[in-house]
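Listed next: structures, encoded as structure tokens.
Here chain A shows up in two complexes: once beside chain B, once beside chain C.
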Partner chain A sequence: MRKNKAMIFWFCLPALLSLVLMFVYPVCRTVLMSFFQVESVTATMADWSFYGLGNYTKIFGSASFMISMRNMLLIWFVGGIFTLAIAMLMAVTVTSGIRGKKFFRAAIYMPNIISAVALATMWIQYIFNYDYGLLNEIVQFLGGDKVKWLGTDLKFWAMTGSFIFGSVGYYMLIYISGIEGIPQDLYEAATIDGASKVHQFTHITLPLLKGVMKTSVTFWSINATTFYLWSKMFSPIDTESSTIVPVIYLYDIVFGGKGITKRDAGAGAAVGVVLTLIIIVVYLITERLFRGSDLEY
Partner chain B sequence: MNKINWKREARLLPGYLIVGVWVVFTAVMLFWIVGASFSTSREIFSGQIFKFESGFHFENYITAWNAQNVSVFFANSLLYSVISCVGVLAISAPAAYVLSRWEFTGGKTLRIGLVTAMSVPVIMVIMPIYSLSVQWGIKGRVLLVILYILLRVPYTTIYLLDFFSTLSRTYEEAAYLDGCSGPKTFLKIMLPLVQPAIITVTIFNFMSVWNEFFMALIFTSSESMAPVGVGLLNIINSMKYTGQYGGMFAAVIIVFLPTFLLYIFMSEKIIAGVTGGGVKG
Partner chain C sequence: MKMKKTLSLLLASALSLSLLAGCGSKPAGSQAGSTPPAGSTPPAASQTGGKQYDGVTINMWSMWSSGEPQANVIEAAAAAFKEQTGATVNIEFKGRDVNKVLSASLEAKEKIDIIEDDYQRIANTYPNILDLTDMAKAVNYDSFSYACLNNQVIEWVGHLNSIVEQPQIGGFFYDKAAFSAAGVTAAPATWAEFLDACQKIKDSGVAPIAQDAAYCDFAFYHQLTRHLGEDKITELDMNGGWSGTKAEQAAQDIIDLIGKGYFVDGAPDEFPSSENKIGFGQAAMIVCGNYVTAEVDTQTGSQVDWGFFNYPAVDGGVENSAAYAGANSLAITSYSENAQAAFDFIIFLTTGEMDQKMATEAKQIPADTRNKAYPSLEGSVEALLATEKPMTWCAGFHANTDLKDTIKSLCVELFEGKYATGADFCKALDALY
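On to the complex of A and B.
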């Protein structure tokens, strides 16, 4: 086929410009900005003054940033274990030969396609509601006293729990696609050899799912570090220490929020860089942990 | 119809319980919200929503739609989603086509750049974009539409690229022999061939823009240009003053419906698309 250079150029140009404008230039500028003292996000480069690692020492010295990091790590670790474990359980169950597989798969994935704002509202205004919420109905039915799910003590876990509910479906789909890629005859051979279902799961399914596990851990890390919307929904007006996460902290110091006297875009950029570094480090670690997982059947 | 093998089904019972409980919980939540959206605040608080003693309160929807501005948010979201879906195709489809067809200088770099961009966190780009938009004087609806288009370019291009590479080159060779120019071949022959991929990727782009929240929160300066997500947050925040619980739940349903309906009719296609593109073991 003839190579039409002009066509290649003009066909690629818009995509190339989008990439540079939306990703390459902004990422470079954010990284650069994190080493400068910049007050307003709209300040021109002429108004930046070099600050070295000053922004980084500033954010790591800030109590609210450290609390937000602690919250984020809890979401990443505890939320991650629950989400991925429940997703795996659902994936194994859905593919175990039950009837209505397509229905269950679609129903469990459903929370992922609706607006997260609407989903969070359902949880906050119904499930966790003190007066008429589902959880308190159940608690009362079991003879207990109503619980303040959205009080300071439980709010963080209420938020994490509902976030887990909203995330499970996506990871389930990833696991299902992995499980369906495993040749069926492996299980048949194992059954003939007398291996139980549990044995088959731990000795065939899990080892062969290394590749998709790697993918799911990476995706979860990106989701957990950039966690934002659920925190905003659980503390819609003022930032609270029980639900603060790094992106909320970033938003407040860059665009203004409660208790912020002086905006600091440089520190905001440093928060962004720290979060990106966390994602990269987790990615590299999982790559190493799950090495040698590219299987051919 | 297969005869039900009861022994086999009984062995699967724990499995049915696991997925059953999860799905029933989801269903209870949705039904309750629908019920509440037709009830009064008093009925909601006294736990009487499914009795409808005071009748069906359709006016909750009218309140939400008019007084609480859901019509404005809805129209905005529709506008943003539709225009960005079309815009992103105009940028991504040509690039995906030539990237899948020819090796050329910078082609590989562009491809790697697009794949990398898919996992760049939005927080790394918003600050420079904010300052650029102020500098260039672009704001409001135009700004949001441009941002949504640019944001979806990497994913759309890579998704379409995979599909273009599966097409045989004989189509183009035949077209070339018939004297059809490159761009014309692309528009008249190749683009219609990837129509299924275009539909899938457009559904994803639509849902993604419809549900987008972070950029909308930062870049919408007034309520008149807010999409549904930000609008719903505003409604909830003003709940304290209005006390319109029924209206709020009606607003939730209105925001929830478009993507939910799309899902009801296209769930197979959507589910296949989730794991078909970038996710590989």
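On to the complex of A and C.
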């Protein structure tokens, strides 16, 4: 047995070493860096100067960072409610025995297989376009005046709406797999007992999907926290406060932006640590809220 | 069992080695280190009758993506340079985001001889960049380059550390046909002339000005610079106190332009919708960098007969002749073992035939002042040569990095017509502090 354990150890060693070098080390370095004044990400430790909580004070005192946090929380909360609710609705509809189930499932999932860059371009240049965009065509057809969907008032919501469109399919698939795992005899028994479809949904489907919902909330939280590409696409030349999110703020302070040459990797590391903590806190809250949701049928 | 242990050790080692191999460097033969140091002395091969840089390899990281006109010209220049000198130029087209990896790569002293990026970043951000003063003097660089750009680099760094490859100039780029049709015969030089031209163009049925949201801060920065000057903008940007200054007048000027209906319908629009309206004949001019001409022509498939004029002077203005000027430049790493060969390639690329090819095919201003600008940029060489101190890209607005995004959004709101007066706009700016 001892010999076998040694063999397991030696086989695991390369993977373990890779994990330590490529994951544990960067994480530890980033956490450490967040307490130092560091200009460049790759600066040697000899060039770091201890800053205590200075980087954290700096980012939490920064108007841009606070706006980015507000934007991120709105994407997480409002976007999350819409995305997960629509995904659930679609999943229930698609699994309800309607005709063309495969078509609808593929159609709703379609945005996930299209590059997000292409998807964002379609929304910006076609759907939201002021002159010939689909939305303004509809508004004008209904007799209204053209709307500036990408003006400062609506840009954030235009971006969030586009992101929701691109995300629904993914969560719908997760819910479909959860719903299809629920034994059909539960529904049959409920139908015999006279339960309506709505009752079946609220008393069977929803309670039995708690575990899946926990997973999707965690995934959504990670998606919202690492939100980046859509923000870049909606502010193509330079960052704007209506679309800024923490990862964009991090990117700008670590690498500099258009016309910006000042860099601050220490503050960037602090942003990274804060985002990680947010994900951990959300995960722990979700775990607590959905406790006891792991069911076996 | 011993056999099994040995086998497991061997397998684990093999796995580890394969992982490490993946992270390894290129074969020794492809490294610049395998070539003799050049410095100002040609390599040994030249002493035996070969070409000057036979056996020399220069590694270049470009900011363009393969297939772009600029990349094609650089590749053509590399091929011609090899033919002429024997040096091989390995080019890695890293794309626009090269700036995200350059700092780390230069700090790690990766095998790079030449880098290509914005000249401000080369001057102020990147480590291990070579002082090119002596090499530039040796080729009399001052005689065929732009003094304003060279002086700016020297002001930032203390010496010349980059060679201009693609100069840029900012101001009003306009459709000559739209101006002629409206009866505007001369480019406006003052604000009053500008307003007069706008009215004539509007009366001719074309919207005078296009404006994309992405460039609202850049456009307003021009107006602000005319009234306040860059130093004052920087001071206000850092400390606030915009109200009661000439910033109110600058904002009011923009509000008046909106009130008179001089902006094209939809402005400020999402980039590049508004600028494209010049190509579609719906708008006559735009404040931008010179690259807007190539962008509009490409995006709309039109061939606009472009003209350029500096941002108009305002009454009582302080920096009435300042113009934005910038550049994508080339620099050499301080640890390059083939610095002289690299410099010779840079000069080969940025002068004479190759530079003219770049100006023509990429529709740009030539780096060599003896060459001709692309027809749509006619007059830009002269304008750049006449510029004494260039404005940097929204430099005053970028001094306070913490507020730049919010100020940019306020500028978009200004062009959206959200403020009734210039004073209201300045109050909104002051509320940020």
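Basically, the second predicted complex is superposed on the first by the 274 of 297 C-alpha atoms of A that agree within 3 Å, B and C clash if a C-alpha of one lies under 4 Å from a C-alpha of the other, contacts with A are read in each partner's own complex, and residues count from 1 in each chain.
In this section, contacts are C-beta pairs under 8 Å (C-beta built on N, C-alpha and C of every residue); 3 or more make two chains touch, one makes a residue touch a chain.
Bear in mind that the values here come from a model prediction, so they are computed numbers and not experimental data.
Undergrad: Report for A:D185: first if it touches chain B alone, second if chain C alone, otherwise both or neither.
TA: Neither partner.
Undergrad: Kindly classify A:I67 by the partners it touches after superposition: chain B alone (first), chain C alone (second), both, or neither?
TA: It touches chain C, and chain B stays clear.
Undergrad: Classify the contacts of A:R105 with the two partner chains as first (chain B alone), second (chain C alone), both, or neither.
TA: first
Undergrad: What's your read, chain B or chain C touching more residues of chain A?
TA: B
Undergrad: Figure out whether A:P14 sits in contact with chain B (first) or chain C (second), or with both, or with neither.
TA: both
Undergrad: On the A-aligned overlay, A:G256 touches which partner chain: chain B = first, chain C = second, or both, or neither?
TA: second
Undergrad: For A:V27 in the superposed arrangement: first (chain B), second (chain C), both or neither?
TA: After superposition on chain A, A:V27 lies in contact with chain B alone.
Undergrad: Go through the superposed model and pick first if A:P236 touches only chain B, second if only chain C, both, or neither.
TA: both
Undergrad: Between chain B (first) and chain C (second), which, if any, makes contact with A:T42: first, second, both or neither?
TA: both
Undergrad: Which partner does A:D193 reach: the first (chain B), the second (chain C), both, or neither?
TA: neither
Undergrad: Share the list of chain A residues that count as touching for chain B in one structure and for chain C in the other.
TA: Comparing the two interfaces on chain A, one with chain B and one with chain C, the shared residues are 3, 7, 10-11, 14, 18, 41-43, 125, 131, 236-237, 255.
Undergrad: Spell out the residues on chain C that touch chain A in their complex, using ranges where they run on.
TA: 1, 4-5, 8-9, 11-12, 15-16, 19, 99-100, 103-104, 107-108, 120-121, 123-125, 127, 213-215, 217, 265-266, 268-271, 273, 392-395, 398, 401-406, 408-409, 412-413, 416, 418, 432
Undergrad: Going by the contact rule set out above, which residues of chain A touch chain B in the complex?
TA: Where chain A meets chain B, its residues are 1-5, 7-8, 10-12, 14-16, 18-19, 21-27, 29-30, 33, 41-44, 89-90, 93-94, 96-99, 102, 104-111, 113-118, 121-123, 125-127, 131-132, 134, 137, 170, 173-174, 176-178, 181, 209, 211-212, 215, 222, 225-226, 228-229, 232-233, 236-237, 247, 250-251, 254-255, 265, 268-269, 271-273, 275-276, 279, 293-295.
Undergrad: With touch defined as at the start, can you tell me which chain A residues reach chain C in the complex?
TA: Chain A residues touching chain C: 3, 6-7, 10-11, 13-14, 17-18, 40-43, 62-64, 67, 124-125, 128-131, 146, 148, 150-152, 235-242, 244, 252-253, 255-263.
Undergrad: In the complex formed with chain A, which residues of chain B make contact?
TA: These residues of chain B touch chain A: 8-9, 12, 15-16, 18-19, 22-23, 26-30, 32-33, 36, 44-47, 90-92, 94-95, 97-99, 101-102, 104, 106-107, 110, 113-114, 116-117, 119-131, 134-135, 147, 149-151, 153-154, 157, 169, 172-173, 176, 182-183, 186, 207, 210-211, 213-214, 217-218, 228-230, 232-233, 236-237, 245, 248-249, 252, 255-256, 259-260, 262-263, 267-268, 270-271, 274-275, 279-281.
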